[in-house]
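Each chain carries a letter (A, B, C and D) given by its place in the written order, and its residues are counted from 1.
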Amino acid sequence: MSINSFGHVLRFTSWGESHGPSIGAVLDGVPPGLALSEGDIQPFLDKRRPGQSRFTTQRQEPDQVRILSGVYEGRTTGTALSLLIENTDQRSKDYSDIAKRFRPGHADYTYLAKYGHRDPRGGGRSSARETAMRVAAGAVARKILGAGVVIHGGLVEMGGDAIDDAALDWDEVDQNPFFCPDAKAAQRWAERLDAVRKSGDSLGAVIAVEAHGVPAGWGAPIYGKLDSDLAAAMMSINAAKGVEIGAGFEAARLSGADNADEMRMGPDGHPRFLSNHAGGILGGISSGQPVCCKIAIKPTSSILIPRQTITSDGEEVEIITKGRHDPCVGIRGVPVAEAMLALVLADHMMLHRAQCG
Amino acid sequence: MSINSFGHVLRFTSWGESHGPSIGAVLDGVPPGLALSEGDIQPFLDKRRPGQSRFTTQRQEPDQVRILSGVYEGRTTGTALSLLIENTDQRSKDYSDIAKRFRPGHADYTYLAKYGHRDPRGGGRSSARETAMRVAAGAVARKILGAGVVIHGGLVEMGGDAIDDAALDWDEVDQNPFFCPDAKAAQRWAERLDAVRKSGDSLGAVIAVEAHGVPAGWGAPIYGKLDSDLAAAMMSINAAKGVEIGAGFEAARLSGADNADEMRMGPDGHPRFLSNHAGGILGGISSGQPVCCKIAIKPTSSILIPRQTITSDGEEVEIITKGRHDPCVGIRGVPVAEAMLALVLADHMMLHRAQCG
Amino acid sequence: MSINSFGHVLRFTSWGESHGPSIGAVLDGVPPGLALSEGDIQPFLDKRRPGQSRFTTQRQEPDQVRILSGVYEGRTTGTALSLLIENTDQRSKDYSDIAKRFRPGHADYTYLAKYGHRDPRGGGRSSARETAMRVAAGAVARKILGAGVVIHGGLVEMGGDAIDDAALDWDEVDQNPFFCPDAKAAQRWAERLDAVRKSGDSLGAVIAVEAHGVPAGWGAPIYGKLDSDLAAAMMSINAAKGVEIGAGFEAARLSGADNADEMRMGPDGHPRFLSNHAGGILGGISSGQPVCCKIAIKPTSSILIPRQTITSDGEEVEIITKGRHDPCVGIRGVPVAEAMLALVLADHMMLHRAQCG
Amino acid sequence: MSINSFGHVLRFTSWGESHGPSIGAVLDGVPPGLALSEGDIQPFLDKRRPGQSRFTTQRQEPDQVRILSGVYEGRTTGTALSLLIENTDQRSKDYSDIAKRFRPGHADYTYLAKYGHRDPRGGGRSSARETAMRVAAGAVARKILGAGVVIHGGLVEMGGDAIDDAALDWDEVDQNPFFCPDAKAAQRWAERLDAVRKSGDSLGAVIAVEAHGVPAGWGAPIYGKLDSDLAAAMMSINAAKGVEIGAGFEAARLSGADNADEMRMGPDGHPRFLSNHAGGILGGISSGQPVCCKIAIKPTSSILIPRQTITSDGEEVEIITKGRHDPCVGIRGVPVAEAMLALVLADHMMLHRAQCG
């Protein structure tokens, strides 16, 4: 089963807690001969790294990744790739208070119910810190996919304020602290999130990720569906509460005639779809159109506004969660969702090769 | 990998095509000693069975399930359970026409791109007929879960017409042909779907499923998350384009303060949540609240309204898809989604037992 | 986990009991486009079929295999292949006697200990009848491997009487009822086994299987080792108690200098090994030499010589096992071991393709 | 697939090369609440540690294990356990010579054939150094099994000189440098191995491992068989060429009457077997008797006696393998085989719990 693993033939296993000595991952099944160094991974980690703007947690982590195995003389060997990041800014403090109070929206209550025991330091295993390893592995997955597959990701909605699809500009994403593909929305969001942050509250968001250049034929019918695996991957991201492929819930509101992605021959002599409600996946298999996915991220549960809760002793109390938190955890979810998309695609590229040569 | 399988320790593998001699499934890992006969499975199949109202396909399939292994003297033996349903109403006809034209929204194009060859009879493996086996396996999963876990499912939106959450009445579900938990909405939908059906078009829908009685502690952090597995399960249903856990995309529009499910002690001395935006899952683990999931189902792609497409020879043509189709495939998706919920929960019940005793 | 499955990307799942209505298997991950019909599978089943000589069980089973899915117009579609064989000669009788007495060497006691309940009819799931499905799946695996990989199998030892390696002649295998690659040994064994059969006793045997034409490079280091997977596959055959790769236990008696398979360049300009103590596998990966494996098969536990045992009520009794049994179950194990070799190799061929292109 | 992983629900993944910065493993699925510290693991590593006698490699590695995740305040949390050992004595040298010559019996040739590229430093991933992580994980598996299951291991044959089964004394194992359960044999072996070592040659060996206290009922029929999993586990150990369960190949030489493990009621009112040819496993499921397994380990391939080989350029050359090697690698294989036995048993204990409660 491997409850900390993901993938079919490209298999990703992560380990580590927010406030332990380090976090890490093993990526198994990486094809041999790929040029790979820490320098290929670091830029993606830097993009996710906390403390880069006032809109993300002030925890300072350099997040320097080390490759401990699977690479020799700058090339992957085909053996297991071990990736490790030291935790450097895990503040030592007394957790006895937090350890007893169940923070609403956190896994405190359920971990205790399951394991009868848990690591309360910074959320332990349930901390979003684990996602750094996904980003690192995602960088390797991009290498496997090669330059032909281009992945975009951004925040397309914050606190209910959605950007206009027509305004979507992927080049804008790196120009603002929200990975927002719409400059005007980014401005609106900055003002709004400043106010929310000061009030001690938080906002939810919607992430969009797309992969261009995926050939038709990746995926599988029924249970190894590309969309089924994407849904699992995206829903495994901390705070994710919803996943859409293509038009998603909007498709459920269209008629069959309107939802149909009609086909013509393109000027290049290749099939061409006239729309992409399907999000690039038909019957679990890629269609050659961009693979498109949206993820709903709930507002950060760690807020300064007092909420009612109970303790593990059954006492009714109020709780506010001090500490270093993202006022909109969806922002840093963008590089994570991109990484998951890359991992799922690379896995299916390899699966396809296994079966169809 | 097993691209036709699902589950960790309770492992479901299905096989069969729409117009082959039969369809079937193997359910592996079933606990021994459970009372089980075809009679326990058949009622769920009957609920999903086509041809029961004018709103579903007119294909006539008795869908009589046979248990071929894994049961002895009325009890499960702990060995692999084999389930089989004969196809009886697969009409013999000439598929050469369909085989060449890619039906928009169908897997015709992608199967051909992947496999270079496909079974065009009634959609072959991509037909919703496969879901009969999920329903059969789901009935066994309910046995594993026991009477303490109660699963509800219904259609809560059709063609954009959503029912009021306040009107939700699970007892109503079996009183109308839509599994609609709101009698008034069912009336509106009947009129609407009649018109749509006559026009040769189709409608999308949203399914809601809930499990009551799930104890706190099932699931796992990170990749074997209960919500991640549910997302994969639901997105693997034919025509599914979106999945939400709890408040889903609505959670992304709430503030952290509003989204928090606060806790108090109940009058029975047990913890009590004051709301359930989380859908009964926190950090991938069940919280003891109802596990709630919604699934967006796109409108049936097989419609009588001409759509533009191409043939496998690259010819630009128009297509209408005659035959026996559901004007709203979401309706018959309800028992399928219930079955997937039961399968995921039973799997996690067993996984939890493996690790936590 | 799937306790009734085998394989990484070519995944085999079997189901069925000796005296149930039928037995079957699902083979998942089969490449598309392979020419395949029942006629490709049947000859291998015929080879394993009981009742062909006085040295095997007199149960009469035509073992006619049916392909229920995954093939269209004579070619594999890439979707799950379902194979089914009806049980026709399962004699109806009263099992209450057997059901209580634990037959020594059988799984009666352990099944009851595990499941608290079992199907005693003909051994239920633990019957060697399940191996018919392995043989059927192995025939498909051979198709995947293609004509370049040639598999041989035979009995090289019976009741301690081993054939001389120098006398090994694969063409002889089909000329005697033992799959013995040495005509003289076959004669000796016939006399011996006749006597043993009449005395109501049974003999053990050693099976050898070889695959020629496997290219260097299939397999994986550490846990997905070709030899590790072969060991699991062979040890999963009923009555198997030992597995050797290459020189096996004999290698443990050689010095490093003697055990070394030295290399030279062959006249064809390709590397050539001067011996094959390694059995064609180095570090878990095929070397291009024949892949060689031996399997120890214990003597049939069902004998007519009274043995001491107990009942499920704790009563001390004697038992003889009447019925239709193989006096040397190793004989019919030969096509099974060949099939397992084919399945493991085809799986690793596909795995290799996934990772190394 | 996960080619560097092992286990069903207790999942072990290792990584690292002989001469990389470190080696490590992730153990996933560990039950929560177990008391665990580095001190519980270290004694087992010390037992396997090189350089402890003149009969093992002179490489000096302290093999200090660190637990990087999954333990909080001295107890397992139920989340992934990360284990790491720094490599400290990896000598820097020029590998260009070795890199070209294929050492007979090593994976040099097959790794290159598979990956087209490899890490030649000390054997890279194919080095027995990886087994340190198995030993570490095995120590955790023992914790999961609890004190009721006692594991013994020893060398029962070296260079063809086997100990008398009657002389087997597990208390003797820690009194000699061979883990030999027979003091007299240990003396003979010391003289012999000294001579072999000085001649630059090496010897093979046979390891025996036993688990006492395993209750009846662990394992599964057909593919998740306890013996099938043990065979895979043992054959995955470096240099293993054969595996036997119970009487193994000797069983193939017995008659059915002689091989039968007869049963009586014990004086304690429990079933009692009169012999254990089955090695504690019937039909893939533990019988309550000691689980017994033997493993053939080939002689170390790294010897100082010149052997013929070729280079990657196709040049015919001679090779001797200098460096720090074990003259009988079977010795240090003992704690590794014990660890694999513990891992397989703990996995099956948990699997049994999943299905049978």
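Convention: a residue touches a chain if its C-beta (ideal position, glycine included) is under 8 Å from a C-beta of that chain, and two chains touch if they have at least 3 such contacts.
Values in this document were obtained by computation on a predicted structure and should not be read as measured data.
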From the options B-C, B-D or C-D, the pair that copies A-D, where over half of the contact pairs coincide: B-C
Pair joined by more contacting C-beta pairs (A-B or A-C): A-B
Chain centre separation in whole Å, for chain C relative to chain A (CA means): 45
Whole-Å gap between the CA centroids of chain B and chain C: 39
Centre-to-centre distance between chain B and chain A (centres being mean Cα positions), rounded to whole Å: 26
Residues of chain A touching at least two other chains: 1-5, 8-9, 14, 29, 32, 78-79, 114-116, 125, 221, 351, 354-356
In the complex with chain A, residue positions of chain C that touch it: 1, 8-9, 29-32, 78-79, 221, 350-351, 353-357
Touching residues (chain side chain B, partner chain A) in the complex: 1-6, 8-9, 14, 102, 104-107, 109-111, 113-116, 125-126, 130, 157, 159-160, 196, 201-206, 215-225, 227-236, 240-249, 251-257, 259-265, 269, 271, 274, 277-279, 281-288, 296-303, 305, 307-310, 314, 316, 330, 351-352, 354, 356
Interfacial residue positions of chain C with respect to chain B in the complex: 1-5, 8-9, 11, 13-17, 20-24, 26, 28-29, 32-33, 66, 68-70, 72, 75, 77-82, 114-119, 121, 124-125
